[in-house]
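What follows is one structure encoded as structure tokens, with my remarks underneath.
As written, the chains take the letters A, B, C, D, E, F and G, and residue 1 is the first residue of each chain.
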Amino acid sequence: MGLKPLSDRIIVRRQEAAEKTAGGILLPDNAKNKPQRGVVLAVGPGKTLKNGTCQPLQVKAGDVVLFTAWAGDEFEDRSKSEDILIMHEEDVLAVLE
Amino acid sequence: MGLKPLSDRIIVRRQEAAEKTAGGILLPDNAKNKPQRGVVLAVGPGKTLKNGTCQPLQVKAGDVVLFTAWAGDEFEDRSKSEDILIMHEEDVLAVLE
Amino acid sequence: MGLKPLSDRIIVRRQEAAEKTAGGILLPDNAKNKPQRGVVLAVGPGKTLKNGTCQPLQVKAGDVVLFTAWAGDEFEDRSKSEDILIMHEEDVLAVLE
Amino acid sequence: MGLKPLSDRIIVRRQEAAEKTAGGILLPDNAKNKPQRGVVLAVGPGKTLKNGTCQPLQVKAGDVVLFTAWAGDEFEDRSKSEDILIMHEEDVLAVLE
Amino acid sequence: MGLKPLSDRIIVRRQEAAEKTAGGILLPDNAKNKPQRGVVLAVGPGKTLKNGTCQPLQVKAGDVVLFTAWAGDEFEDRSKSEDILIMHEEDVLAVLE
Amino acid sequence: MGLKPLSDRIIVRRQEAAEKTAGGILLPDNAKNKPQRGVVLAVGPGKTLKNGTCQPLQVKAGDVVLFTAWAGDEFEDRSKSEDILIMHEEDVLAVLE
Amino acid sequence: MGLKPLSDRIIVRRQEAAEKTAGGILLPDNAKNKPQRGVVLAVGPGKTLKNGTCQPLQVKAGDVVLFTAWAGDEFEDRSKSEDILIMHEEDVLAVLE
């Protein structure tokens, strides 16, 4: 990917929920919203706490996640027609297993 | 369910208060609101405190809960016509017993 | 009651100030507001502090309390035509004695 | 009085500044405001600090105080045509001596 | 004066900058504003810190101060046609020497 | 450069994403926004923590960074037709590698 | 100057960027804004921390600084047609060297 997130940020590729998964087909209540679901591409080293230690993240690259509607800054990768989001880990709601 | 909430989040299936329970029939004051009541489907591991320990949650899967009107991000499970909410535990008002 | 409030929340039944009490007849300044007075029905275990201990509440079931105008989430118990409020203890202004 | 304020709250009866006092006749700059002055009727036990101790209040029953324009929740004692305010001690600006 | 400010509050009499002082004639940029300058009449004992000690104030009675445009609650002393402000010390910008 | 940022601030020259890089061509979702990408020109010494130590920054001069849409104060260097941003490090989303 | 700033405040005289300096000619992006650049005339003793010690400032009198667009309270020194700003040190973006 070549993109290294800072602190407690993660990079997520937005994903259409095109097929039924173990978690069922969960869609945002408002059909006009974009899907709040994606694959984690990269994670930061974690937030540096006030005592200087680093709190590692709970999600990892490859996880499929649900996230809040207002999560992250959005970028468009024109070479692949993909939506890329860079968000804080606290905007992740749940991991699909 | 296949959905693992992060941190202090819980997953709740919104529930119509169709029958009288031990807690009486409690409805939101404004009849146009959706029911603020549901069944807990899954709970996260708890919030990580600043000293690195994890504060476990008070509610557990199976609890019937009342929650605030603005609680959570809402998703729709189309395969079952159900409303799924992912909220912080602090949006839970009370547990029905 | 069958409703167990979480953390520092309490359950209050809104009460008309129909008769003169020791505390006089105190009404909200704006007559269009609902009465900011009620009976405590149940109290939570208290707020969990950052060091893990639990801070017990100061009010108890049976107390008659005055509370702020914006206190709590409101529910209606249709079986009894009662207004039920679930609020944080910090929304309680004073206890009538 | 029969009203016991919680935590760091105090109960104040709003008072017209009808006669010249030691502190001069201080009126709110905007004449349309209600007087920001009153007599303390009762005080709470003080705020409970994070270490569990209780910080007692600086004002006491009987003090004449000036307070902010937005101080407190207002109630009307219909039996006496009095305005009663329940406010945090931090809304008190100064004590008249 | 007969007015004792609480905590970290100070009492200031607004003052026209009628004559050139050591600090030059400093006027608010917007000529329609009232002068942001005055004489300190009384100071509170200081803010009580979380460990229970009291942080004394840096300004003292008699100091001529510049303060923010939104500083304080304003009162009018009708016997002297004076503007009296009760503000937090942190609204004081600088002391004229 | 001759500009020394204070605390946890960094100086960034906004950069058009004119050529494909290892990180792909990432553009803000809204084409009307300016590019949220640039080269770090200088970094501050880091934020001074409450215990008096200084937390050094994670980015360094020469890094190519993505940043939030609302990052920083913008200046224009007229001699070079360049956009210069001075932002907090926490407005940096990721570093391109 | 005769003006002693309190706490972590500094006094700055706004300065036109009339000639090219080592830092280039940096102007606010919006030409209608006033220059966000000036000379430090005086600095306060620093912020008093919660443990009672005083954190000295990083900028000093004589420094030429860039600051945020919304920095400080503005005063006009009519004797010299100068704009004087009193701001917190955290509104300073960078020092020109």
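Definition applied: contacts are C-beta pairs under 8 Å (C-beta built on N, C-alpha and C of every residue); 3 or more make two chains touch, one makes a residue touch a chain.
Model, not experiment: these values are computed from the prediction.
K.L.:
If each step moves to a chain the current one touches, what is the fewest number of steps from subunit D to subunit G?
P.N.:
Minimal hop count between subunit D and subunit G: 2.
K.L.:
Counting only Cα atoms for the centres, state how far subunit B is from subunit E in Å.
P.N.:
Measuring from centre to centre gives 51 Å for this pair.
K.L.:
Averaged over CA atoms, how far is the centre of subunit B from the centre of subunit D? Could you give it in whole Å?
P.N.:
Result: the chain centres lie 41 Å from each other.
K.L.:
Where in subunit C do residues touch two or more other chains at once?
P.N.:
50
K.L.:
From subunit A, heading first to subunit B, what order do the chains fall in as you go round?
P.N.:
Here the ring, read from subunit A toward subunit B, comes out as A, B, C, D, E, G, F.
K.L.:
Any idea which subunit F residues touch subunit G in the complex?
P.N.:
Checking each residue of subunit F against subunit G gives 1-7, 9, 11, 42, 48, 50, 52, 73-80, 83-84, 86.
K.L.:
Along subunit A, where are the residues that touch subunit B in the complex?
P.N.:
20-29, 36, 49-50, 53, 55, 58-59, 66, 68-69, 89-90, 92-97
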